[in-house]
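Chain IDs A, B and C follow the sequence of writing; residue 1 opens each chain.
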Amino acid sequence: MTDAKPMIECRDVHKYYGDYHALRGIDLTIKGGEFFSLLGPSGCGKTTLLRTIAGFEDISSGVVLIDGREMGDVPANKRPTNMVFQSYAIFPHLTVAENVAFGLRRDPRGKAEKAAAVDEALSMVGLKGYGARSAHALSGGQRQRVALARALILKPKVLLLDEPLSALDRKMREQMQVELIKLQRQVGITFVLVTHDQEEALVMSDRIAVMFEGEIAQLDGPEALYARPSTRRVADFIGVMNFLPAEILSHVGGTVTVDVAGLGQVELPEHQISRANPDDEGAMIGFRPETMTLVGPGATHNQPRETNATIDEVVYYGDMTYYDLRLDGVARADGKARTVRISMRNVFGRDVQEVGTRTRLAWSPGSLVLFR
Amino acid sequence: MAKFDAEARAGLSLIAPPFLYALVILAAPLLTILAYSFLTDGYLEIIRDFTWTNYAQVMSDPIVRVVMTRSLIVAMVVTAVTVLLAFPVAYYVSFVVRPERKSLWLFLITIPFWTSYLIRVFLWKVILGYNGVVNSSLTGLGIIDEPLTFILYNVNSIVITLAHAYAPFAILPIFVALEKIDRSLLEAGRDLGESRAMTFWRVTLPLAMPGVLAAVLIVFIPTIGDYVTPEVIGGGKIPMIANMIQVQMLALDNRPLGSALAVTAMLIVAVISLIFLFLNRRFLKVRQ
Amino acid sequence: MSIHSKGRGLQAYAVLYLLFLYAPILLLPIFAFNSGTIIAFPLQGFTTEWFSQMWANATLRRALTNSLTIAVSSSVLATCLGVFAARASTRFRFPGRGGMMGFIMLPMVLPEIIVAMSLLVVLLGMGVQLSLLTVILGHALICMPYAIAILSTAFSSLDRSLEEAAFDLGESKWGAFRLITLPLVMPGIISSLLISFTISLDEFIIAFFLAGNEPTLPTYIFSQLRFPRAIPVIMALGTVLVILSIVLLAIGEYFRRRGNARIGGSPTGGLL
């Protein structure tokens, strides 16, 4: 799906707004044909970085290359990129076809050829026959499609998408996610998506750059990002992760032995150890809610380890139930009981357990990540 | 940094034409009369000597004092009347009128403001005159025997005319302030057990206050400088400050004294406006 | 419900208030068609005499030509300058923006007599001949704040990414402005032209002091108010002017609202 050739390269890109340091040394290579996401909370610089690539913002220092060409003096209207705006920016005084044909004004092709190109672009996004409609009569999802057709008709090397799904309702959003993936495979060009929605990034991307405060905190594929976040902050931002204090007992070769509050001693191999996190006080063990199992009274399991716990809170979600557990042997922190969250699928025949029940937690050391 | 400069450059070059225009057509003349006000009036020419004499004359001349006081009183009364009468209308349009009808009401309220100021002023003279609409109707109906004279060619008729002329000016800022009030605040007030009147007094009125103060300023400033109404209604016998400036500048050709009068009037207006802006700020601070 | 009773009292008051606002204007046509030469009740009879006298009056026609010349020129000038200011203040951040905009908007609250007198003193001091041009300069100054107020609404309700999208799709900066921004703010521009035109047409003080010997409609009216015999014609003229103003304002309001609706803004909000 992706070829090895780099399409976008950012080298030590800095951006200041007055005294505000919006981008702090971004180094990034996005490959040709890749579906790439910039993920982070609002104000992290992800939109600024996208607008830098598009050419709407000058950079304060550093280099941006697109398809091997330096973009320093190239304005947005001369770059091989096109953008789908968060508000879609559909021109309200033009028809759908006029919107889509907007970028073809300087195209030397004849009228009929252009019209054919517009029709093709519209059918590609599922809006065949909508050309004569007035733009302001469209629904949110339809506007989104017009914005896509309008950008793709120019055959850009890179399509930039600024939070394109944030204005849609949940059902529409999920549908558009799938359609965008299909569309990207069909046209085969590089997509760069900006989003604050971690689920959206995980669903759609080949690779994801997680950004905080103008810096890239981690750049990885979705599975690696989810299973082995490099810092506590990334772990917290993507899904739910439980943390328990841990004490490092020994570090021999690639293997670390730690004593984890509530879980006891475990040995962890190199790939389960996260990058050093200077902000944190002391080492922490992290694990995802779905990687451990609640074992009912008398039931058996095939996990290597088992821990006793008390159910502190039960939250029922229909298909899932979340349990907050107090593990035996975990000290209170800041006067409150420290709980961990476990999620259980509500499969047929498994009862939801009640608050206060003594229970067992079955787990494997393979699901733990050490942050230190 | 580069981007900020580019944006500032673009903005500054765009604002330049209107700003330079205002500079040449407004600032330069204002500075000129400021300069004139410190010069001496000679016969047929102006002597370029710096002097405070004009201001001393403005301060000490009893006629100036009478006219200044009259202008201030008229402007204050007109402002008070206009704002008090306008508030219920603004409240009605904002709170009672259905949303889709609001702009029609605003349009109806603004129209008279834009149409034939002179003729409207003159028509008040017709309405209020000795044989005017009011008097001829009242005598015709037998309600009074002699025409009323208290509404005739005097300060009262000036006040009525001006209050009518600047009415829309008072409604709009109050309306805007009322529109901004979050309706759930009022429901919260009622929900917390306040009566309707108390909710109005403790929630609506304080929140509308910035609009009321804006209305006061926007009526007061043009009223105090009004030229047409005293001229047409008062027949030139009850001058206000604008008429006096004009007479000094043109009829008596004493431009330094006329300039000093104009500068003094602007200073008084500026000081009163600043007091009001200060009150507004104090008020907002207290509320927060 | 109590809301209704409260609403009804207020409504009665509001209607009375509107009557007060319109009272003088309603009298205009009554006296314009009244055959009596004195403006007083009771009415004499119906006549269109004053309208035909009005058309026959050469000075009046000259005043009308002058007024139209001034109103067209100053509304175009004010709107052009207003477009610059509105775009600058809504689209860009730059040092001194608030101060400069405040200064440009100052004529809105400055008594016109001050503007007229100071301008007159400077023009006379420089030996400039008073003419229609000097009135145009003054009128453009006082119309500009109103033009800016209308145009700023039009510019600020425009989604900034529309212009960026056009630029991104390969247009030049000027092309993006011409093809996207200009058509979308056009209703605001038309509205600004009409309102400036109406203000200029009705403006008396600046025209009175800066026009020299040239009459405009308001200065002609003012000169005639002293002569009781001339009043019925003035009533006829006033009727025509009021109708003209209302039509222009209604068209202006229509365009302002259509512009708002087209770019998704709210339809409420007044002319100020």
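Everything below uses one rule, namely that contacts are C-beta pairs under 8 Å (C-beta built on N, C-alpha and C of every residue); 3 or more make two chains touch, one makes a residue touch a chain.
As the structure is a computational prediction, the values presented were derived from the model and not from experiment.
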{"item": "Most centrally placed chain - per-chain CA mean versus overall CA mean", "value": "C"}
{"item": "Most widely separated chain from chain B, with each centre as the mean of CA atoms", "value": "A"}
{"item": "Gap in Å, rounded to a whole number, between the CA centres of chain C and chain B", "value": "18"}
{"item": "Between chain A and chain C, centroid-to-centroid distance (C-alpha), Å", "value": "55"}
{"item": "Chain A and chain B, separation of their C-alpha mean positions in angstrom", "value": "58"}
{"item": "Where chain B touches two or more other chains, by residue", "value": "none"}
{"item": "Interfacial residue positions of chain B with respect to chain C in the complex", "value": "7-12, 14-19, 21-23, 25-30, 32-33, 36, 85, 88-89, 91-93, 96, 99-100, 102-103, 105-112, 114-120, 122-124, 126-127, 129, 131-133, 136-137, 140, 164, 167-168, 172, 175, 179, 196, 217-218, 221-222, 224-228, 232, 242, 245-246, 249-250, 255, 258-259, 262, 265-266, 269"}
{"item": "Sites on chain A touched by chain C in the complex", "value": "54, 56, 75-78, 81-83, 85-87, 89, 91-93, 102-103, 105-106, 136, 150-151, 154"}
{"item": "Residue ranges of chain C in contact with chain B within the complex", "value": "2, 6-7, 10-11, 13-14, 17-18, 20-25, 27-28, 31, 38-42, 81-82, 84-85, 87-89, 91-95, 97, 100-101, 103-104, 106-107, 109-115, 117-122, 125, 137-138, 140-141, 144, 148, 195, 198-199, 202, 204-205, 209, 218, 221-222, 225, 234-235, 238, 241-242, 245-246, 249-250, 253, 257, 267-272"}
{"item": "Chain A partner contacts - residues on chain C that touch it in the complex", "value": "159, 161-162, 164-172, 175, 179-180, 183-184, 262-264"}
